[in-house]
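In the two assemblies presented below, chain A is common to both, partnered first by chain B and then by chain C.
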Partner chain A sequence: MTATVTRPAPPRRSRGRRRRISRQTRELWLLMLPAMVPVLLFSVGPLLYGVGLAFTDARNTRNHETSFVGLENFAELLSAEDFWSSFKIGAIWAVSVTVLQFLAALGLALLLNERLWFRGLARVLAVVPWAMPPVVIGLMWKLVYHPDAGILNDLLGTDINWLADFSLALPAIIVVGVWTGMPQTTVVLLAGLQGIGKELYEAGEVDGAGRWRRFWNITLPQLRPVIVAITSLDFVWNINQFGLVYVLTQGGPGGQTRLPMLFAYEEAFRYRMAGYASMLGLTMAIVVLAVLGLYLWRQMRETK
Partner chain B sequence: MRIKSALAAAAIVALAAACGSGGGGGDSSSSSGNEPVKLDFLSLAWQKESVAANKQIVDEWNKANPNIQVTYVQGSWDNVNDQLVTQFAGGTAPDVIHNDSPALAGFASDGYLLDLKDKLPAELKSDIPQAAWDTVTFDDGKGAQGVYGVPFLQESQVIIANKKLLDASGVRVPTPDQPWTWDEFSAAAKKMTKGGTYGVAWAMKSPVNKTLNLALNFGGTFFQTSGGKTTVKVGPEEREVLQRIHDQLYKDKSADPGALGQGTADPLPAFYDGKFAMLPAGVYLRQQVAEQAPEGFEWVTLPGPTGTSAQQGAVSQTLSISQDSEHVDEAMKFIAFFLNGANQAKLAKGDWLLPTSQKAADDPAMTTKENGWDVATASAKNLVVAPFLKVKGFDEWKTKVATPVLQQYFGNKITIDDAAAKLVEDGNEVLERYQR
Partner chain C sequence: MRRADSSPVGIRVLQYVALAAFIVFLAFPLLWLLSTALKTPRELALTDPTWIPDNPTLANFSDAFGEQDLVGAAARSLVVALFSSVITVLVSLPAAYAMARYRSLVNRVAIGWVLVSQVFPFILIIIPLFMILRDIGLINTLPGLVAVHVTFTLPFALWMLQGYVRAVPRELEEAAAVDGATRLRSIASVVAPLLMPGVVATLLFAFISSWNEFMFALVILQDPGVMTLPLTLVRFTGPEGVARLGPLAAASLMATIPSLIFFAIIQRRLKSGLMAGAVKG
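And then the complex of A and B:
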């Protein structure tokens, strides 16, 4: 809370320099204020507070004196086997879900872009998972995977406890992750496909390019900015996924699906190591920024 | 111009006000005048009969005490500890809190729970035996011992058996006075294994508490404290029960491997189908068997097996008072009423667990032969405080180390030596964090 109390500073400063600031700037600030207040209060404030916590030994307890410990949490994090296994699981999860999501969504988008019967209906159906909150999706898939009453075991005639099996749990939740994220990816890619000029394809056809050739040399390059945007967004969403996996497995069995965010949650709310958990969150944020930065930078350079 | 400035000023004032009230928390409820005192009671009852019993007792109290009104708040075992950590930190915790003794250790040493030592009414204190009070006596985080809850329901491990298969096998039927030894239990399981029917099923999705409580049969405590430092120990005593369960699964092949990954209640459909004869489980599972078993299915409750002793580790369900509660004395009065002999009998019946109150244990409903109540209630005398209760960091050891290791061991993926080494080495690393 202490961090947010200092927030009202920017507007006040602008008032102090009233004379030198043009009327336009002042109006700009005023108009931005309603949007900025919640952002500062509920996003920036807690964010700075969390960053601050990361450098302390804060615990969620009543009789503990919080003190500044510098990078001690970070050092502990680097030497913790738990963290690395969670990080590895998080990386496998985020990359495979993002890639599979993209491939499946691209296929679906191409299909929905063709002139099909009931195309409108199919497009609506494709968006349905989007309308469901992650917790509902989790509960639904939990039923699908149920060892005794689940549809999946029924269909396959197997007797597998999907979400409790050490080697199957992660693939099982990746499937759910892909399913969950497909709609928005599909919609964005479909919009991108519709933005590609017909004349390009006609020209390609005249030059004798086959279907595959047209896809590879026209569709993909044209879609590139859209693909870059949606895959990077998907990556961020996926690596920060929490609700879905919390409902499905709570990180089990034996930590096989403990994504970094679940790990941080457990540290903070189960073991009450608030400082350590904040450092974990901060580290993950930096990792995501670094990965994204690298990816976007390379993509930009290639387009140039 | 002026309007704009006024708007900006108003926005800043609103912002400041929002911050102020956010940080301050609720300090508005002073109990002056004739306003009735309001208490929040977080209950974790979930079985239908039990929720009904809880609500009924709260209603009775509210009618008899117009000056102390209790609000029933429904919680869930699944996330109660996460919820309480958040509520305690935010200063919005309920006054009276239902939980279990393993969770109290942490909250007590964190200073969130009130020490009830000097507040307990004599009648309540003498009605509950010392062994039960031991399950709620913890370090307050500064070296002193305090009582952080009132224990009221306890669970013991029994064996629920298919009567037809048990009789057909011709083994001696154990009684509370003459229970099976583990050897007899394993032999019986072997005898009942034939033609696709297994003798026993171990539901080991959450193996830790079950294994640790049974390990006391052979004096296995899993933790040792010397010089104020607690470490994990897996010696010959601790290995006994682990090895015997493992043998049933892989050597005798008398335990159903399909049940291994299941939660406690999950194997029940297969049990009704006669796919296995015996299900070791907590006494509360009798409720589901009694209610769901198909017509004509006969079952009996057998006492748990004994090793060098019949002792089992006990944890209790508890009622505690939040340190930040403003109506501590009223909350204590409510707890004393809620947990008197008659009410405990009601609650125990509703949850199919064992009451700590000696008056309640004498209730005829607690000793009837029907649904195995006699065997269940008799098993209460074997309960001793579980050693892991006093271990700081037990919860983390359990989720991070013990659960995966035991799952892997019972899944025959690692040997008992590997399991023991991991439990000790990784475990001590976890406990280290809590002993700084």
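And then the complex of A and C:
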């Protein structure tokens, strides 16, 4: 605490603690400064500026008189049908990708924690999506889904243009979302599994608990903090997803995969409605914080 | 070993079936990308695609190199990633040292910022950022993108580095001070060598983040002449021409190589436990 209080260098005769603290303070600030400048200039500053923009009619063009409009953008947002449809698509996407990612990753982590053949291969494969640029992941899946040259139609014997189909495009990109985000979740859950003490399982075995009971009464409760942390992070990452879906569908067909961030991007950089798009971003931030707060609060209460 | 034996056969079989399903799900898009990259244009045009190319060819890779756009974009990505990673490390190293060695409110604020920056949607930052960069003339320039990449890699780089600094025992520094070394010298001669593996890891992480980054590049670089590799790859898909799928797949594979190298190095480092050895010894 004391270190953040800047005070002038003390006179020579004051010695001991006070003097040391002050020297430390100066050193601390000096060391932090190079990192603080870019963060304040290009991150904290724009963030505050962006929150401010949300209450104006700013346009993303050079010659525009910007004026304060209060909550007008918010009112417009609430009455815009395309916002609600984008919001709904975003919610379906974020919840289903997060849940499926978690279930798949938990399954894979449990398997990787066992002594099975081909475990090494699965471990390497589980990390590869992590190492790939999101754009390449998007392009790769476009090749898989490609109506003519793609493998999926060939495997299933179908003739579907997956990413352009009104009802199938969203499920199709959800599969890609799960594939992309599984590695992080698996690695984190596996680390959590390996941190559970062997004694617990031995005690469970002595008590005659079967495989299922051991999973339900030992593994899951022990893993709980890890599960809460990774699902929260996954949810935030998924709701803010942009690049992957931009590459896959650009929000199409007919806005069926237009996640909130794609919607905001279009508003800001195609229609140049900077104020409106900022309000959209702010609204999403508040929704995410509220969902996250509720989830963490419930988890904490249940643990108690 | 004992656990393996105690599993009934039925469960074992189920486990292998599940593991196989995971392996197929994870591997098949990758294999398809590889297969596409090795096919001739004629084979790509077939309506009944084959898994294994009849006449595997590396022509797509050389075709990708022949595309002026792609090579130029890769060079620009390289420059941006090099500058971003070096600047990120230089700027965050002192701060990481401060965070690890002094306990103060600043640390908690910094850690708080790392978390908050995860929650806020990029759109809230990118619109004002675009306006600021436009006003100072950095839109459509590589330095503009470097500045943004540095800013957004910084929180995580700080977090990584301060962990590595923490792992270097304070006693080593103090011992050097007792031996008469000045503070700066003790840092340079004692802390820095032990920190090297951590610095390299952070450098690589920052490099990869910048090399892969798409969103900020999309907004900041709008002139095709300055676009980085991810942007150019996306433009390359353009109007669906099947003939160009081969070079596209080849270029995509090549764009992944830096990240794969990074992960290979990190994995080996994790295994060898370089840091743990240095500190204990």
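One rule holds for everything that comes next: the second predicted complex is superposed on the first by the 278 of 304 C-alpha atoms of A that agree within 3 Å, B and C clash if a C-alpha of one lies under 4 Å from a C-alpha of the other, contacts with A are read in each partner's own complex, and residues count from 1 in each chain.
The rule is simple: a residue touches a chain if its C-beta (ideal position, glycine included) is under 8 Å from a C-beta of that chain, and two chains touch if they have at least 3 such contacts.
In this text, all values refer to a predicted model and were calculated from it rather than measured experimentally.
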Contacts of A:60 with chain B and chain C, given as first, second, both or neither: both
Partner chain(s) touched by A:148 [first = chain B, second = chain C, both, neither]: both
Touching partner for A:282 - first (chain B), second (chain C), both, neither: second
Chain B versus chain C as contact partner of A:24, first or second or both or neither: second
In the superposition, chain B vs chain C on chain A residues touched: C
First (chain B), second (chain C), both or neither touched by A:269: both
Overlap of the chain B and chain C footprints on chain A, listed as residue numbers: 1-2, 4, 27, 30, 34, 41, 60, 148, 269
Footprint of chain B on chain A - complex, ascending: 1-2, 4-5, 7-8, 11-12, 15, 26-27, 30, 33-34, 37, 41, 59-64, 82, 147-148, 159, 161, 164-166, 252-255, 266, 269-273
Partner chain A, residues of chain B touching it in the complex: 4-5, 7-8, 11-12, 14-16, 18-19, 22-23, 81-82, 85-86, 88-89, 106, 109-112, 141-142, 205, 258, 261-262, 266, 269, 323, 393, 395-396, 399-400, 403-405, 407-408, 411, 413, 433
Chain C partner contacts - residues on chain A that touch it in the complex: 1-4, 24, 27-28, 30-32, 34-36, 38-39, 41-47, 49-51, 53-54, 60, 104, 107-108, 111, 114-119, 121-122, 125-136, 138-144, 146, 148-151, 154, 179, 182, 211, 233, 236-237, 239-240, 242-243, 246-247, 260-261, 264-265, 268-269, 274, 277-278, 280-282, 284-285, 288-289, 292
Of chain C, residues touching chain A in the complex: 1, 3-4, 7, 11, 15-16, 18-20, 22-23, 25-30, 32-33, 36, 44-45, 47-49, 51, 90-92, 94-95, 97-98, 102-106, 110, 113, 117-132, 147-148, 150-152, 154-155, 158, 211-212, 214-215, 218-219, 230, 233-234, 237, 242, 245, 248-249, 252-253, 255-256, 259-260, 262-263, 267
